[in-house]
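Each of the next two complexes has subunit A plus one other chain: subunit B in the first, subunit C in the second.
Now for the complex of A and B:
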């Protein structure tokens, strides 16, 4: 029987074909045609995803896990890994927002990358990224997911260091890749352990094995912990979060697509995909995931409060929101995690693209302290940005409220302390986003006067052009972006506003996402154990928290009730000093240890060899009476030694 | 002598080319390169035909030819190819024409091409020989052309380096020669049959030897191969030799000649001495893991780009040794595959470094910067090759590395865990080097560089093609290897009653017990379960 689901291979093939065509023809196509081609590929991929989605809806709920195998990839011994796709509600949900948001960001990039010498190269990477990301979510086995996982990592590396002539961008790319590799180590070893335990890496086979024979809690815990290492790397959770803020060195559409909406959610996806393992593990493993998420969320939120680079604020905000998703995964609220992933993809992509539009309008300046009063100059950007702000701040009825509220409810069910801390994080989120919006769009313009703080440059990033000295600022003429850039903003704003409808809490009839995802979660998703009353109270508290955060932000940055220096502590601005600690270690003892190993190799290992050579040479010199030439004397020496050895051998063996 | 079979033709064709060049008048120097390229290309084409014609379901030796040579000493011209040697022969057939095409010698073209072709004959002969003495002859023959290639066309301290290389490897092989003679004589002594150096016959009689003796003889073989691989701590000849060798020499040295060591460990280690290999496996495992980590760390600190690539070989070859001594299909297949992959990737890396050196006359990382802007095509090719070397899935390096680690994990999980750290380190040293050389703003010297010529692109194209193809669709290679690997494992198990650790039959080792634990504890997710630590000892008893 052939159904629309069979079209699944088209989903990754479109962007792959786009990347390959651009690889060959990119330069001759040039700007803007290369961009249009790449965008068309993404739209094609999105349409294919929608068709597969429709096809999947045609199946009964219990049968919504379809596998399509293309060919054998690594068939060796007991290991048989195929290139095959798993079509189920989880993978298609991911694919829908990856291709949908991806297409919009491709379109946006046509405007944003206008005039860049690497225009077509950018779209090759972007299309190739989309292909890898789709392999990651659609792969029907861990190894194929790993292929996508590493592929997105490589694209991320190439895109972060896209403007490679700047040393800082190049370093950021390398840092991202290497940090991710630390996580990948966990993923790799998790695969070995899974292979050992189940004899297969295919999701279906592994889960069937767990279902029928069970799995030891210790083994499951091992796999889950290793996967957590991998997920923490990709999803920038403490302590592997250090690469994401630096990754902002890439062009802003990249930050939106890769470092906010899609790639960084891969860790959350992986953990949810492997939910039978999490369920089979010891109870403390999910708890650990939860606390890692909470710690990361809270830490990143405090850091975001003190950042002056618009993209850095959003980067720490992303880390924080990913922490929310980890909390959800840890408390078994898989649906809530996916829900927040989807709404976050919309509003965070929107916020990043909006930031890009601001940066575009400000000729590359990313410093909040140089903004102010931009609402008038950038009407569409500011309006859509406000929608994104309300969504992330958790103000109803915007999407972020619903998904965050759900996570908070599950957190409350787990542990009151957890809930309190997470609520505090949500308040902080509302606070720093209000700060960002007020400093950017409202108040009096700080880009027309010379009275800019001279200390402005220390935390400046290096997007597009290096930030000019403050005195050069008055020449700015902020302008609205072209339609290719504002159209995606408008569409994303619409989605960010209404996406909460995917899973409304009112009655089980409107838990659309929960019902839809159920086949992929095997009934493992947690359910809130308390009734409507508690739920309403919790929701009310969440709303009060959001409003308090917004009001606090307004008190500091609009009314100047509190001096902002009291909040923007240097410790927070320096991101808790973790980066310094790390770079001090890598540059200091780490590097010294490496250097010592190299020295050891040269002096001790090779030294021993050369010393032996010297001794042999001396002996050779003694024999020189009937030999000449170094090599020959060595050869003779060796031959004599060999003879002696042979005699020894043979006598020893008793011949 | 009997009919010349295709394998003999393949072995001697390059030699024939060498003779033709040697007999050509020096004045007609324009023909040297075309003759050399053509000879090696025809040899390569013949090898590709061989690969296509190879029966993939047969794990034994194919196209065998056995001709008595020195019958009194039991030496014969015995050649054959199986799934284990096939792709090393293919690799040799592919790399030689590319290496010869890519680089021109600055002087003495005639001798250069003669030596290159003699080298090819030596390598092919060593991979195809099924007689111990014959193997030894070829194994030694390759040293001479390489000695001259480094000594005459190398850089810097070339004379001393060439001597070091020669003696280091010669020392190993002298021991192997002794071992070989002793083995043959003792087998005669034990079985009372005629003296023979036939690999297949010896492999079946080795079990007659006392275990202790066999272990000693194995060690004498293993030392020769360990030098060639090279295994830590016998690796120091390699960075020197690589750095000073001319580009084509480095390509062949890394791409093909190091594989003589790992191939030897499989063919004359595992196959000939199953019990001893198994007994010493922990030693090789340990040295392999040390090589992986140590090679990577030392590579990171190199100031010379070529030396960095050389040290990366130490790390990569460590992986291969790890796979071989995992004693299971995954590990050995992965090791064999990785031999080919390393040949392609590192060969390509050496070519690229050579291209840079030709343009800039320096390989010092600190003197190079901003090359990506200056020479984008070279940089793009470098990125692909680098990512292959880092082990990015979808490119060739990953599949082998994954299989090796998976196999090693089944056999010795803690070692595999450590070895996997090498994956992080590989990214570190290569990306760091790339950043320093290619990123940044080009300096004046960089802006004057020319990008790849059509000839250089022609050389890189098949290599990049193979890097992608073998990453996406390694099945044609793996399925031709597997029957031979199965046969090898069966032989190993049968001769000394060793059971290899695999996931399927689960004879010894941790996971067996884990499996039992699983059964015991199914559906018992809340209660305590026995820690499996006690059962996590290695699988070798």
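Now for the complex of A and C:
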């Protein structure tokens, strides 16, 4: 029976074809046609995903796990890896927002990348990224997922250092790459261990094996921990989070697509995909995931309070929100994690694109202290940004409230301390986002020449970041962006406002997402163990927390009730000094160890290699003397060879 | 008179099965006739186009032949009295094994023409003779792949070889070309003598020249139902191995290879490396698997020795060469070693790996020598490795294609060469011949140096200031593009080709029954 689900192969093929066509024709297509082609590929992919989604709805809930194998890819001994797609609610949910948000961000990039020399190169990377990400979520085995995992990593590297002529961008790319390698190591070893244990890398077969024969808790714990290392690298969790803030060196649409909405959620996706392993592991493994998430969320939120680069604030906010998702995964609330992943994709993409629009209007300036009062100049951007702000701050009825509230509810069910700390993080989130919005769009402008004197006094701060003298600010004319840029903003704002309706908590009838995802979770998803009353109270407290955060932000940055220096501590601005700690370690004892290793490599390893090479050369030269060009010598070789063969065969004949 | 004819027993002829050979050889003769009648009135491209058309027709016939096994349609064979697959009184057997080789050879001819056409005009050697010889040689190779009789096999071998001797000596203004021709001819005659003597001894030992009958006799002799003179038979087997070893350039019968490859016109080397080697290996596997499979345990160690010697000498000697054609000649010797590794495991899945390797190697060799043809320039003289300096700057596409082909020869993943090596090595590992596996792996590592050295010269050395601009014309460019596509496509997704090789292998099995 053929159904719409059979079209799944089209989903990754569209962006792949886009990337390949652009690779060949990109330059001759030029701007803006290269961008339109890439966007069309993404729209095609999105339409294909919607069709597959409709097709999947046609199945009974219990059968919504379809595996479509294109071909056998690596048949090696008893390892058989297929190029196959797993179409289930989880993968299609991911694919829907990857292609949907991706298409919007492609469209946005046409405006944003206007006039860049690398215009078509940018879209090649972007399309190839989309292809890799879709392989990651749609692959029906760990190896295919890993292939996509590495693909998105490579694209992330290429896009972070897109403007590679600047040293800082190039080294930010390297940092992301190296940090991710640590995580990839975890993924790889987890994969080996999984193959050793289950004899297969296919999700269905692995989970069937667990269900029918069970798996030792210690083995499952090992695999889960290694997967956590991988997930922490990709999803920027402590202590592997250091690359994400630097990754903001890339063009802003990249930050929105890769470093906020899609790629960084891959770690969360992987953990949820492998949920039977997490369930089979020792109890402390999910707890560890939970606490890693909490620690990251809280730490990143405090850092975000003290950042002055608009994109850095959003980057730390992303790390913090990913921490929320890890808390949800650790407490078994897989649906809540996915729910938050989807709403976060909408509002964080919106916020990043809005920030991009501001940066675009401000001729590339990213410093919050040079903004202020931009709401008038950028009406659409500011309006949509406010929607994103309310969503992430957790103000009902915007989407962020619903998904965050659900995670908080599960956290409460798990542990009161956890809940309290997470609530504090939510308050902080509301606070730093309010700060961002007020400093950018409201208050007096700090970018006009007549604002110089007032700005100068404001800028005498204790910040460690050296601030250029305000007088040096060039004359600016902030302007609204072209329609290709604001249309995605409006659409995303709409989604960020209403996406909460995906999974409303009121009655089990409106748990749409939970019911939809059920087949992919094998009934492993946790359920809130308390009734409606407690839920209402928790929800109310969350609302109060959000409002308190917003009010606090307003008190500091609108009414100036409290000196902001008391909040924006240098320690926080330096991101808890983790980067310095790392570079001090690497520069000191780390460097000494590397030097030792390098010496060993040069003397022992290279020595052995060079000696082999020398021996090979000697033997080659020796043999060469037999190759003297004379027919008689060659005939002699033949005769001697023939003689040897005859002697051999005669001995075999027993003569 | 009609009654008399009726009394002569004419054997059943499977004309469709014989068609590829006849079209190829007939095409050659017809071309000669047409050219000698029409002479100068024909356009310059006529002979080349004729050859391509003939070869494409053969490929088409090959597909038809391949397909008739699909529906269990063995009708032409079942109708024959010989039983099984054979026709022409048991002298020929066109199974999928032969069809695989026939299509491969025809494809090699097409690509060789693409490379040669431009070369011949550049060197002012144009004329139909080259194409006639090329087609005749290929027809001989096809006969070898389908022969079920040792004399027919010998005829095929000689048709194949004689044409190549002339082709090697074809470049009239280069003495090295003529020297190579004479060298190849003298040594080839020497090896043919061994081969023919081997046939005589086998006949003396078993009383038959028919491969199927020999196989049957050997089986019966193990139960005492037939008598075989073991001494004669074994020496005969050794001598056949000498003859084949010479054709496929296995050590120690390889010594002609670097000298002849270096001296011969480059497009001829394209054909020799891809076509002659494929035909030689097809005949070798056919004789030793169809007829001598009973004595697998006896000849397998000999093949082991040849394989190890070829791997070692090919890889080691390739490193100390300074001429691209000599480097590639030693590389072809080491590839022969790899194919022998597959042959060594022929009772397992080794034979399929041999078929796969032949197709993969043909593509890599055609592409590499096509690049050499382009680079060697007027006079076909610039074959020193220094002539590749800075090719990446001068001709980035050409350098890229050559790099890919070299990486494929080195067996880097995502190229067809990787799967070829992977298949033969795993065939050896499947049979638990781990020492051979280890040697093959080591040879891969050493050979990688050989290929990377060329890549380094192309990319890291700056071009010489006075290097004239390289002309890359459409023919060689097309040929290179085709093999690069082949290398990449089957490198990423090898399964269709693996399946074809498997089918060819199982059809071979049917002959032996």
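Keep in mind that, in the parts below, the second predicted complex is superposed on the first by the 570 of 655 C-alpha atoms of A that agree within 3 Å, B and C clash if a C-alpha of one lies under 4 Å from a C-alpha of the other, contacts with A are read in each partner's own complex, and residues count from 1 in each chain.
Note that in this section a contact is a pair of C-beta atoms (placed from the backbone, for glycine too) under 8 Å apart; a residue touches a chain by one contact, two chains touch by 3 or more.
Everything numeric in this text was worked out from a predicted model, so none of it was measured.
In the superposed model, A:102 lies in contact with neither subunit B nor subunit C.
In the superposition on chain A, A:71 makes contact with both subunit B and subunit C.
Of the two partner chains, neither subunit B nor subunit C is touched by A:330. Of the two partner chains, subunit B is the only one that A:192 touches; subunit C does not reach it. In the superposition on chain A, no contact is made by A:356 with either subunit B or subunit C. Overlaid on A, the two complexes show subunit B and subunit C touching the same residues of subunit A, namely 71-73, 613, 616, 631, 634-635, 638, 641-642, 645-646, 649-650, 652-653, 655.
Subunit C makes touch with subunit A in their complex at residues 183, 186-187, 190-191, 194, 230-231, 233-235, 237-239, 241-242, 245-246, 251-253, 255-256, 258-259, 298-299, 301-302, 305, 313, 316-317, 319-320, 446, 449, 493, 495.
Taken together, the subunit B residues at the contact with subunit A in this complex read 163-164, 166-168, 170-171, 174-175, 177-179, 181-182, 185-186, 189, 210, 213, 216-217, 232-233, 235-237, 294, 297-298, 300-302, 328-330, 333-334, 370, 372-373, 383, 387, 392-394, 398-399, 402-403, 405-406, 409-410, 413, 416-417, 420-421, 423-424, 427-428, 431-432, 435, 438-441, 472-475, 478-479, 482, 502-504, 511, 514-515, 517-526, 529, 531-532.
On subunit A, the positions that touch subunit C within their shared complex are 71-73, 613, 616-617, 619-621, 623-624, 626-627, 629, 631, 633-635, 637-638, 640-642, 644-646, 648-650, 652-655. Looking at the complex, you find that subunit A touches subunit B at residues 71-79, 143, 146-147, 149-151, 154, 157-158, 161, 164-165, 167, 169-171, 173-174, 177-178, 181-182, 184-185, 188-189, 191-193, 195-197, 199, 213-219, 279-280, 283, 593-595, 597-598, 601, 605-606, 608-609, 613, 616, 630-631, 634-635, 638-639, 641-642, 645-646, 649-650, 652-653, 655.
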